[in-house]
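Chain nomenclature is as follows: A, B, C and D, assigned in order of appearance, with residue numbering initiated at 1 for each chain independently.
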Amino acid sequence: MNGSKRVLVIGGGIGGIQASLDLADGGVEVILVEREPSIGGRMIQTDRTFPTLDCSSCVLTPKMVEVSLHRRINLLSLSEVVEVIKEGGGFRVKIRKNPRYVDEEKCTSCGRCAQVCVLAGRIPKEFDEGMGRRGAIFLPFPQAVPQKYLIDPESCLKLKKGRCKKGPPCVDACEVGAINFDDKPRLLQYQVDAILIATGFDLFDPIGKPELGYGRYPEVITSLELERLMAPNGPTGGEIRLGDFHPRSFFFIQCVGSRDRTVGAPFCSRVCCMYTAKHAYIVKERVEGAVVYVSYIDVRAHGKGYEEFYRRLQDLGVYYLRGVPGEVYKDAKGLIVRVEDQFSAQVREVATDMVVLACGIRPRRGMEKFFSSLGIETDDYGFIKTDPMTPFKTNIPGVFACGVVTGPKDIPDSVASASCAALACVEYIS
Amino acid sequence: MLGLLKREDLFACIQCGKCTGSCPEAGKTSLNIRVMVRKVLFGDWEDKEVPWFCSSCGACTIRCPRDIKPSEVVVGLRAQMVEEGEIPSSLYRALENTLVQKNPWGRSRNKRDAWTAEVGFEIPFIGEDTLETLLFTCCVQAYDPRCMVIPRNIAKVLHAAQVPFGILGRKEVCCGNEIRRVGEFGLFKQLMEENEANFERYQVSRIIALSPHCMNAFKNEYEGGDKKAVHYTQLLWELIQEGRLIFKGSYDKRVVYHDPCFLGKQNGIFDEPREVLKAIPGLQLMEFSRSRENSLCCEGGGGRMFLDVEMGERNGHKRVKEALALGAQVIATACPFCLLNLEDAAAVLDADIEVRDITEVLMEVL
Amino acid sequence: MSYSLIIAETRKGEFQEGNFDPLYLSDIVGLPSYILLPEGEYGILRGSCDKVIVAPLKEGEFLNPLNIIRLLERTFQAFGEPSAILLPHCSFGIDVAPYVAGRLGWPIITDISGFCRGEEGEIFIKTLYSEKINGHFRLKEGMRFVGTVRKGVFPKVAEVVKETLFEEAPSIEKDPRRDFIEYIEEEIEDVDITKADLLVSVGRGVKEKGNIPLFEELAALLGGVLSCSRPVADRAWLPKARQVGTSGKTVRPKVYFALGISGAFQHIAGMKDSDVIIAVNKDPSAPIFQYAHYGVVEDMHRLAQKMIENLRDQK
Amino acid sequence: MEVVVLAKWVPTTQEEELKIIDEGRSVDLEEVPFRMNEWDTYAIEEAVRIVKEHGGVGWVISMGSEDADTALRRGIAMGLERGVLLETEEDLIDPFQRAFIFKNLLQKKGIKFDLLLTGGQAEDDEFASTGGVLAGLLEVPYASMVIGIEEISGGEITLLRELEGGLMERVKMALPAVVSIQTGINEPRYVSVTGVLSAAKKERDFLSAADFMEGAKGLLQLIRVEIPPPKEGAEIIGGDLDGKVSGILNILKEKGVYK
């Protein structure tokens, strides 16, 4: 019924995926633009979801595949919207598709190229938050969609310096001749009737809280880094270790970069209490005899089954400690977390093997310019402003938003907002 | 009643405890700054001893996620006691001395320029010419024989680098940084006004502060605002970059740098002192685990140089032990209070380690 | 012939040494000396003054300016009016002298530490501005005054040996408005600093209580006892029993090792008879260097540190 | 209970190298800062406490140049109520004369007191006499070097005098009386700069000392001042820190107190 209508969905995380599928299933043609080489977003980086502890990739991978196969979804990976012009009832959008240097049509995803890359295992892997390594030619992660290799021009010797080992080896290894060092960015233009923004979030960079020792002590990691250590498709195959170091004691610090004016973020990120609870659970489950501390300001277990999950954690013997640590440093005993345990009003200096920072949520970096070019209003922190009664609408008619781009949400809420926004789109364009 | 704070400001406190977790005095003294903020909010803080435990390192205020400024709550409580006249006797002396002689030690104001005697050349009074660059000595460096070497060294460096500068001599009065922190706002204002009048009268366009405490006062507390005050380490790094200091010889020692709270944490000057040290030939710079923003307070601030409080292990002792564990031969710092406290600790611990001001290390190779 | 009347101090029946200074001053000025005392035995005075006048008053009644003034009135009647009333400069002298001067309408000079006679007449010297200045005072209306005399500054005029007469002062009706009740001894403390051969004594320069243990250690390593000056005891950094000086203990150790003590007269008075005084002070103009046999210009903390290091090494 | 304190505004000379001027007749105090005589702060504190406990009015009276008003303001800031300054530019050093002027003031102005407190001595001339002479002139009881006031009741005061060698005496006196206060009797409260500034708003009486000179002639004349000749002085042990330490240890060994 809407065969001629077209919607641009920006962002291929769980929100963008759900919205695209809903729109496409409703007969709308979807252009799904993803900046990264694969869709999947933040959710695909996580090991499991809370509070049910479902395997994230088991839930998400089928949806990602469905996106790639859907006849009404045009997936543009490695792509960015560069211009949007209001035109008639709709928009004319310009999209830059960045070069992959691997022909998507030809690549069979055999992986031989990656094996022979001179830099194989030497470049920090984005998907693993730098915990794992890749080469200059790589597949973002095993379940990536599109299931195509790409070359990172920043590290590839051929692209950067013009010369690699003879061959180069990847070219020699590729039986289908998919590698194309001459690939160039392409500018695509589309006419769309509506736009749905689902650009998601970044995590707060804890370098901004120097007292917590991130970037200084390798044993201080972010929650997303821990996700990668826990995930079966992560650098350690799900084993919680740093190289050969197997931590036995863990200290989780919540509200890192949330509820914190010193870093310009007085808001609550909504998800950290629960994902930390989940982490604590998995640690207890996988590391025998693990000693786990969780420091918090308030535990906000507001969702369905959340409080019960929190309670389960306590039954497992996790020390929930009310008080925000002042600092993390190292002495002869190892990492020391200095924190006031408020219920005993006592300052404790807790020695621990690993500190995990529950970093708060920030809008995706680099979106401000795009939003302002469109005239989209954002709040003080860069989240898109919406009205309470239409939480999926931006101030620009025809531009909708879902997921964390309008404010912190967990996965169920993001999915719900995606479906709502999709519905609103359909309503708008008909 | 709370100095610069109003009680209403404290309602925003969510009792997260970041302050207490950050406080170098928490645990070892009975100061629990979170509890103090809470009790002050409810108007039932009564203790007269605990507020004196704070060393004004500023960590609580810098890190407070709600911008409550707990260290100002301490200052407020102190101000209340100052107005009521109930303060520790040692502080009584320091304040009386500052009122009368313009320095907390009660040394004669007329001897404030005594340190110039041994520099070997005439140091002009700032008013003698349009010199514009003022070397601000302040009290510890002017009177403490151990610290007098700092102004002398800087004077020599400026002289050698042909930077014209002058001093206020007997006209200089205490910068008031600690006076404000012990809650004597009236006296602070008096000192500020006297110094600012001199800055104005002699058209000072740049102030070289020897102590981070003075620099902080000029930059952050004086009504005139940023009087182009720089810390001497900033000046030294400038001179080194401009190639105006010529090094002779080599300082072949392992040196660990201790960040003073008022230089580092509170004013963000972390790199210049390190750059100066790194520029010294032969010097091997080491880092404490707790360095930069996490530097462990020497406990010399907030009037604690004149106050005697009961406490557990002195942080200076911890610091010296940390330096020994690192294998450092020298602890270098850039604040007279840190210098005195750390040197004292090294002596008490009988530690085989030198404690030096950065200027002292520098002079070895100039 | 006029005379000088010395009102002497006794404590618990003991004749105080400080009474000799007014006696010697009287000899130097050239006046016959009469000495007024409470009930007691004063053979010790034979040969050193012209008259010993014993008042029919108990010590507690005598050491009282209100009774003294009544006693003086009767004494003047009996022996004539003196040219000078002299007292030792001590808690008694300073209690009685000004009151007597007020009642009599006479000038007063306290803490006299010198005397000379020249063109300007008789000059009494007293220190001003914490010992930094000597003031030369002249009596505008001739020799009639009340004075207190600093202890230990006037030597005995060698040739003076007097035929001392012992007399009884007339009895008086006591003034009921001031009454001695009792002496209060300070509580006995752990150590007796008056019995030590070596005193390590700290003053204001110690700066804070937290520094005391350093000097305790130094004293212990040297086998001495730690004492202090008034500011240290006032702040209760050391017990009062450790205080040297006029309001504390008078000590005569073999070595008095003073650190960070500037040398207020009250302190000097309590230690100046030590065999050897070693003074450490960072201020080279500290008055204590005038009294010490050996001086070290140095920060007391730095020096103590170093000494402790050396002493530990030797052990 | 009417309590009067005599307080003096004195030059702070402890740290100064003083110079003689005026052909040997006076000391150059031009560059010397002034402050409240330390003993007087204890006397004022004691007065404030007495008035607080027994009610009545506390007075602070000072004599000197107009700068001595600061003494009044400090006294008021500490808790006294009334301030009187006897202004004079003359350097009245004779304690007898000073006391006489105070006597005239009290009598002419009808200032009655139950207790008059002075500091044990003034830091500048160290006469320690004004209170005692005044008590004599007024024929009221007097006690000096008081280190404790134990009780005031029934027109009597029980106090402790500090004697030498750690000894004290307990004395009872009838009121009205004059008492001179020794340091250490209490812990004087701190007076903040703001406190002194706001005390400036309180009413004080500024009178000319010249109006109270009747019969108050100077009996004592300061004809000369001089810097005392340096005493023999100490033999200075110099050298570096090690040299100083070994020098001291040698003396201790020589004297046989340290082996």
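The definition used in the following text is that contacts are C-beta pairs under 8 Å (C-beta built on N, C-alpha and C of every residue); 3 or more make two chains touch, one makes a residue touch a chain.
Because the structure is predicted, anything quoted here is derived from the model rather than measured.
Engineer: Just to be sure I understand: the centre of a chain is the mean of its C-alpha atoms, right? Then which chain's centre is nearest the mean of all of them?
Structural biologist: B
Engineer: Averaged over CA atoms, how far is the centre of subunit A from the centre of subunit B? Could you give it in whole Å?
Structural biologist: Here subunit A and subunit B have centroids separated by 45 Å.
Engineer: Nearest whole angstrom, what separates the Cα centre of subunit B from the Cα centre of subunit D?
Structural biologist: The answer is 37 Å.
Engineer: Centroid from C-alpha atoms only, then distance subunit A to subunit C, rounded to Å. What do you get?
Structural biologist: 86
Engineer: Quick check: what residues of subunit D touch more than one other chain, meaning two or more?
Structural biologist: Residues 16-17.
Engineer: Two or more other chains touching the same residue: where does that happen in subunit C?
Structural biologist: Each of 302 in subunit C touches at least two other chains.
Engineer: Find every residue in subunit B that makes contact with two or more other chains and list them.
Structural biologist: 89
Engineer: Testing understanding: with touching defined as stated, what is the shape of the graph linking the protein chains, line, ring, star, complete or other?
Structural biologist: other
Engineer: According to the definition already given, which pairs of chains are in contact?
Structural biologist: Pairwise, the chains that meet the contact rule are A-B, B-C, B-D, C-D.
Engineer: Please give the residue numbers of subunit B that touch subunit C in the complex, ascending.
Structural biologist: 89-90, 145-146, 306-308, 344, 347-348, 350
Engineer: Of all residues in subunit B, which touch subunit A in the complex?
Structural biologist: Listed in rising order, the residues of subunit B that touch subunit A are 14-23, 26-27, 32, 34-35, 59, 62-67, 289-290, 292-294, 322, 325.
Engineer: Inside the complex, what are the residues of subunit B that reach subunit D?
Structural biologist: 82-87, 89, 91-92, 95-96, 99-101, 106-111, 184-187, 189-190
Engineer: Can you tell me which positions in subunit A touch subunit B when the two form their complex?
Structural biologist: Going by the criterion above, the answer is residues 210-211, 213, 255, 259-262, 266, 297-298, 322-327, 329-332, 338-340, 342, 345-347, 349.
Engineer: Under the touch definition given earlier, write down the residues of subunit D that touch subunit C in their complex.
Structural biologist: 11, 13-14, 16-18, 20, 27, 93-96, 99, 123-145, 158, 160-174, 177, 182-184, 217-228, 230-238, 241-242, 244-249, 251-252, 255-259
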